[in-house]
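The same chain A turns up in both complexes below, where it pairs with chain B and then with chain C.
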Partner chain A sequence: MSKTTEGEAVQPPAEKIAEGDLKPQTESKVEAGVEDKKPQAAETDRAPKLSAAELKKRKQAEKQARRAQAKGAGPSTSGPPTQQKGPAARDGPKQQKDAKQPAKEGQSRPLPARRRPSQSEVPVLEKAKKEVKKETKQQGLFFGHLYNQPRQHSMVGASKDVHPAVLALGLQYSSYVVCGSTARMVSMLLAFKAVIETYQTPVGTSLARHLTSHHLSPQIDYLRSCRPLSISMGNAIRWLKDIIIKIDPSTPEAQAKRDLLSEIDNFILQRITAADELIAETAAKKIEEGDVILTYASSSIVEKTLLRAHNAGVKFSVIVVDSKPLFEGKRLARDLANHGLKVKYLLITGASHAVRDASKVFLGAHAMMSNGRLYSRVGTALVSMLANDHSLPVIVLCESVKFTERVALDSIVGNEVAPADELLSESERKDLLPLKPFLPKSVTARADEKDKSEGGEEAKDSPEDVLKWIVDSPNLQMLQVLYDVTPAEYINMVITEYGSLPPSSVPVVHRLSTNI
Partner chain B sequence: MDLETPTAEHPPTQSFDIVSTYRDLLASDPDLTMPVAAIEALVEALAHSTVSTVAETLQLLERHTNTLKASIPNPISLSAGTDLFQRYLITTLTRPSSLGGLASVHLGPSDDFRAIRNHLLSNGRLFVERAKASRDKIASFGKHFVRDGATVLTNGGSRVVGALLRTAAESSTIRFRVIYVLSPSTSSDSREGLQTVADLRAHNVPVATIPDAAVAYSLGKVDMVIVGAEGVVENGGIISRMGTYQLGLLAKSKGKPFYVVAESHKFVRLYPLSQFDLPIDQKMLDFKVAEDKNFESKDKAPEDGTTADLCFENVPSKCSGQSADDAVDFTPPDLISGIITESGVLTPSAVSEELIKIWF
Partner chain C sequence: MSPGAVAVTPGLSSFLKSLKSTPVEPSIEHFISYSSPIQEPHTQQLTSHSLLKRRQIRNSRPCALATTALLLRVVGEFKGRDAAKLVERIRQVGRRLTSAQPREVVVGNIVRRVLGLIREVVDEKLDEDANANSDFGNNSESQSQSQTQTQHDSLHRPTLASSISTFSPLKYAALEPMDSSFPSENMSDSGELTKRPPLLTSHTSTAAPLVNSLFGLFSQPDTPSTSNTPTGHQSPDSKSMVTALNLERLADFTKTNFDLKAEVMDGIRELQDELDQVDDQIAANALDHIHSNEIILTHTASTSVQTFLLAAARKRKFTVVHCETFPHDHTATHGVLLTGKESDGHADDAEEAWKPLTAAGIQVVMIPDSHVFAIMSRVNKVILATHTVLANGGLVAAAGAHMIAKAAKVHQTPVVVVSGVYKLSPVYPFDIQELIEYGDAGSVVPYEDGDFVDKVDVENPLYDYVPADLVDLYITNLGGHAPSYLYRIVADHYRSEDINL
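For the complex of A and B:
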């Protein structure tokens, strides 16, 4: 603890940058209405803090880091030592172990938990690293290992090779504008199409060798720094790299690029568009007259299925269960209601009531693990367990591109943490403001002090203060994980484009779909 | 493909009655199961027709399959056979490389197609023979599950179960007892059950016969449960005669192993989620109130008159729904310990893998 405070005292700028980085993203949160006004405010907030000198420093450090990486031994030499001397030393050995096998890990396993902080070249600043250390210390508990990569919410510090389309996409990822495993994968492939279109092989190399390692990797690293890659994205990247490598070096560049673009189009068509069509067709048949379908959060394929059954004239109603802070189900409920479906909307706190009325549960997936477990939006496990308890059939709709050969036993080892301050919406923060007099003196004093030291405007009642209280209170941690793992016993059926399967057959289909 | 041939072909194919062929086949050979009889009938139909293209063959097959399915009340088990045959046909016809490198069937001269057809016909017969032989194979696998001194609980008139128990009885090393659940009615199902009971008793195997209601009562004395199946579905559950599900539930609650014996041609591409998710229309549940009573006997008599339905004729108010004789239920995979097939003993989850192997 003493070390943390010391760090703060010595290096106030670091603190400032941290806040500046967090802001745009806290505000561009889900609720569509709020979204428009806030980012500007954040910009103005941040502008004075990031002085020109700061930026310069940043760039220098970044350059250094890149040079270090180019040397090859980059991550393993520069990564662990700095970490170990920090207060988060207990995490040290583990991360060091991770760092020992850099190439393989980074490319074939896009699981957030497995990544090293030093791997992406984006904010490799020392300062950034110190922030992480502080955070890890504070946010430890069971999920400490997931905080090893700071989230990037701006394009500051992105490598110059990153294509504008990818830059834009990255921001859309980090602000959840593009959200959902399928949507993220498709938009990534479309952005890569733009990247490949403008790509020109430098003299002296071949496309097959240069494109993946030198041109595509920075793009992927940037996307990863914005939000950890989804399983489907990892699968798509692996597929793309594979076909690029297999390009015959004698193919003329224009031809090769054209082939690649059409291959990508085909991939999207086959693995997503056509697969969705098939899945929706199969799944819609499972909806019968008078059914009450329960679904959690929002999945594009579930929506498609429900609409398809509705358009076929089947009379059924839907219960959408949703949760903070993304409120993805809101849009789903509205869309379904606009199409004339009867929809009931409630939050996960009322899930036990919802399952009592439901007759079937349809769930979307982020990924299906090889042990038949479902990796999906946090809260899914709760809903499916409740449903199983009421012996309702739980049906997962999932394209085979989201299958992975990895297994998950719990949702702690592999998960994605989002910044915890997203948990409190703007209005909730406002509601908390009047509670200030009840706070312990130490917290308020420190917050005030910091206000002053920032040369602060005396905007005492800004909702941002609430976040500061939380950050400053030593014993309170806020945790926002994005996914959880549903045991296979609670899943009755997985519908894929290959047909309906029990969850135990996921590895079989995965093998099948990757071999073709 | 010329357009004239199909019209020329139509009269003979129409005259071929697939349903009666199927019924004759089933009647002539008591050992034949429904899916195999269906396949045999289809092979027969193919032999009678003079189709000359792949598309026509598939069309013909489709038409026959549909008439066959429509003609019987419960086509689940039958569809296992027809689907399998159709799948087999498609793979052989679209991958003619197995026939010695015929480049393209669709464009090939009629001679080539005739060769393919003959190949199909002979292979179809081979399949039927193999399917019949599989019962003995299952019996030889399954008899090892019957331990010395064990008491086996079984139900229905499954021929595979009968064969298995007979094989076990014939081997002199195993002494075991059988508790046989018999339905009170005189359907063909229970007749076969009685036959098995008589056979086993002749082999010096002590057999007790009990009604459905006594299953839970006798479960304490039981070491294992063996049942047959009409169809094995994708998630590893089974569709079997009414009463199997409750047998499974009871066995699970008492921790008794519950084995299913079924030939692998009974694997159906079907994924029921519950009892009421089967693709057949069963009227087991028929809710009535007092006012209906007068009409009931009049209404029901013509409907069910064809079957020997004691339930309705003697005691009209006893069961309002369909009689349990032809009805089936679905036993979910979590109640099943193992499925004994001719290709080995599978866990329920392996069924879907087998099906995927056939279909992709």
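For the complex of A and C:
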């Protein structure tokens, strides 16, 4: 199937949707139309100034388009590719807007959201515009800047250079089978070991020069397309590149590869395995008889700590607070209970109740920011806020490899968005099915139309319909981000392999650990 | 819960219907068994009692509607003209209902409102009579005095006008627990007194504590209760007895032309009207509180909040961020977002077409509860729905409300609570835990995970208590109030005699 034919096949319904969307807004059409012309003019004015940045963006867009096309050519059916292709094909205009922003934003860093309502009311003049409008609906609130890249859920379209181990890993990333920044980093390094093992330097280049840029970067790109890199992964990649560059070009290839592999092993051993041991040992000492330890979601290092304290014979109990849609804490709670610990399990809505019973809070980290803030699973900030309110000590367990020189003030500028359809589990969708008769007619009509066009006659009550309703409801969207930033004042202590420190010491330790 | 083989899922609407269709004849006893199957577990009828217990009628509004409908019937079926007996009757029903489901505070609120209503009617009648036959010495004087007092004190008193009963400074004290020595003394006092002829009674009770001497004889029986009972622990009996006093006398008048029942039923119908209109009345304030392009965060499925937002949406464009309140209210929340209606699964209220917010052109973003903190820094206003508002300005709302309110406080975002006055309860939260209901753990961890539930203690709190200091504003059908002012509205709506049912 070529791209064009498929595009045509998709368009009619899209058009209808756009028209339907507009109906309730007709009264605002006129004024919005005026508004609309101005930005366009501004855009064209600005275009020459930003050509460099824009070119880059355009290139990216093209690349994505190519990728999407390659995907479309694959065996996949009508469902996913249309979604994938949509953004890619429309990236052009949108990216321009994005490119324009940084230049303008110097004076104020206002939220894109402030502009959103008018954006969404942009009347549709031509077909292309219509599609842009549908696109804006899908972008979440002021997180629009994070929606640049559609997430890869298959290995179709991956570059041929990508190693099978990395391909497999990428899928595990995107399906959250491998989840958690430490686990993701370690598994990446292990996959890279396999990559390096099979690597052969082409004639005429040296390993130090060729490996990183030509062989590793496609792997990294692929992983990034599956799920944005974690900060620990970024740190590890930087370290690996550094090591590779430093290899003496005169070293024979086999020797160099062996050195690299052992370096990687060493890195994992030192920065993760040994560090975890140290942290668990320090942190376990903080657990006293009769404590009630509260933890949020799941962290391998917190689990290790709790088990160590438990094995040392300390009597304490654990409250695991969890949240949808990943329910990571469920596994943690089960593991701890299997080891004989007394575990209580609540969801985040019950966090206020959980905090009342707790005596200490242990948190894992995705990263520690240089301004002392904790970047971790979304919801962590809530739990630490509540704990701080109850004057509970909040202790973060974090290996120094997860420290970053990046800083963050809020959870919005830098974050990772996840597909919103993950939010509604199968059973939740089923629970919503009886609502069908109550839906606004526009939505059901569209859904029915789709049913008919797909030829599905009475396949009505499939839970998938619910997602369709949401997509079809004008102005309704679901939003899912993965992380949030916990203010430093909620954190009493960060335990790393370098010792226990206040959050303000994070940048110091980060410098220490990177300068070795 | 268990729809079972019954054609209609038991719920509010089916209950209301069955109320309508039951013939007027059935005796009061039958009717009560209607409302409490515990005594007659074999009755096949739907009963509000079991509906309450089985949580087939749940949440404040359905409970309020069911209770008013039930009380209307109770009054309707009430035989005789003795107001004291009617009060006792309602109180008895109320006690049963509240003990069936103590955490649906609204049931108690409605019962108290109805009790207050009866007292109000009686007082009014008494005043009229007092005005009519001023044979008694300083009656008119006292009357005028009491009236000035009322005018002076109860400026905010909404509807039910009466002379003395409306205000007593001690009512506020009465809401707080104080020494419980008073009531017992008082109780025995009045217990004796009831046996005496009315006139004497009034004199002796005036002579009691600090009462304003020989205030109107007819209004007298009321004063001991207001001024002498500074505690909320006042036993119900004493109060009913006290009222019994004036009611005994009243019996003489009633024989002539006074139709207590009709007046009370009118009052209850007014209450029903209030329940019907409450959302619209609240929504009338919407434009005063929502400006254009605002980002508003709200949670759970609340018709009040939806109506409020819809009213604002007619004039202004804004964005709503909606927390889904997993695991106990998410289905209803999604339902509201998709259909605009809080559906309890009754197919029969379909006649009204509801418009979701999104259809009004409002951007709605649904987020999981864990995102609250991340989003809060960009939110302009938090609007909370509530289950019950307590007299100290705190509220009981769907679980998650506390962390939302707290996060808002941390980000200096104003928190607005939207609630009908009927949810305002005279209860002071001394034991917060008592008010929190825990729900089905199966909605947190599905039953497929049997081994998990075995090993791990899974909890599913349904409600949160949000202390008053986290709330910036209450918007009720009477307008906007600071949390610190709520006690006054409580005092306006409930008689101190009725605070303990």
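The definition used in the following text is that the second predicted complex is superposed on the first by the 374 of 516 C-alpha atoms of A that agree within 3 Å, B and C clash if a C-alpha of one lies under 4 Å from a C-alpha of the other, contacts with A are read in each partner's own complex, and residues count from 1 in each chain.
To be clear about the criterion, contacts are C-beta pairs under 8 Å (C-beta built on N, C-alpha and C of every residue); 3 or more make two chains touch, one makes a residue touch a chain.
Predicted model only: the values in this text are computed from it and were never measured.
A.B. asks: With the two structures overlaid on chain A, would chain B and chain C clash, or do they fit side by side?
C.D. replies: fit
A.B. asks: Is A:481 touching anything from chain B or chain C once the two structures are fitted on A? First, second, both or neither.
C.D. replies: In the superposition, A:481 contacts chain C only.
A.B. asks: Pick one for A:190: touches chain B only (first), chain C only (second), both, or neither.
C.D. replies: Touch status of A:190: no partner.
A.B. asks: Per the overlay, which chain contacts more chain A residues, chain B or chain C?
C.D. replies: Touching more of chain A: C.
A.B. asks: Is A:337 touching the first partner chain B, the second partner chain C, both, or neither of them?
C.D. replies: Touch status of A:337: second partner only.
A.B. asks: Taking the superposition as given, does A:156 touch the first partner, chain B, the second, chain C, both, or neither?
C.D. replies: A:156 contacts neither chain B nor chain C.
A.B. asks: Once chain A of both complexes is superposed, is A:410 in touch with chain B (first), chain C (second), both, or neither?
C.D. replies: second
A.B. asks: If you stack the two complexes on chain A, which partner ends up touching A:500: first (chain B), second (chain C), both, or neither?
C.D. replies: first
A.B. asks: After the superposition on A, what does A:440 contact: first (chain B), second (chain C), both or neither?
C.D. replies: In the superposition, A:440 touches chain C alone.
A.B. asks: Could you look at A:307 and tell me whether it touches chain B, chain C, both or neither (first, second, both, neither)?
C.D. replies: A:307: touches no partner chain.
A.B. asks: Measuring by CA atoms in the overlay, how small does the chain B-chain C distance get, in Å?
C.D. replies: Minimum C-alpha separation, chain B to chain C, in the superposed model is 18 Å.
A.B. asks: Shared contact residues on chain A for chain B and chain C?
C.D. replies: none
A.B. asks: If we count contacts the way the header does, which residues on chain C are in touch with chain A in the complex?
C.D. replies: Chain C reaches chain A through residues 293, 295, 317-319, 321, 324-328, 330-331, 334-335, 337-341, 343, 345, 347, 350, 354-375, 377-378, 398-400, 402-403, 406-407, 410, 436, 444-446, 449, 451-452, 455-461, 464.
A.B. asks: Can you name the residues of chain B that touch chain A in the complex?
C.D. replies: Per the touch definition, chain B meets chain A at residues 234-236, 269, 271, 273-274, 277, 333, 348-349, 352-353, 356, 359-360.
A.B. asks: Tell me, which parts of chain A touch chain C in their complex?
C.D. replies: So the residues of chain A touching chain C come out as 24-25, 28, 111, 113-114, 116-117, 120, 140-142, 320, 323-325, 330, 333-334, 337-338, 342-354, 377-379, 381-382, 385-386, 389, 410-412, 415, 423-424, 427-428, 431-432, 434-435, 437-440, 442-443, 466, 469-470, 473-481, 483-485.
A.B. asks: Sort out for me which residues of chain A touch chain B in the complex.
C.D. replies: Residues 286, 360, 393, 395, 492-493, 498-502, 504-505, 508-509, 512.
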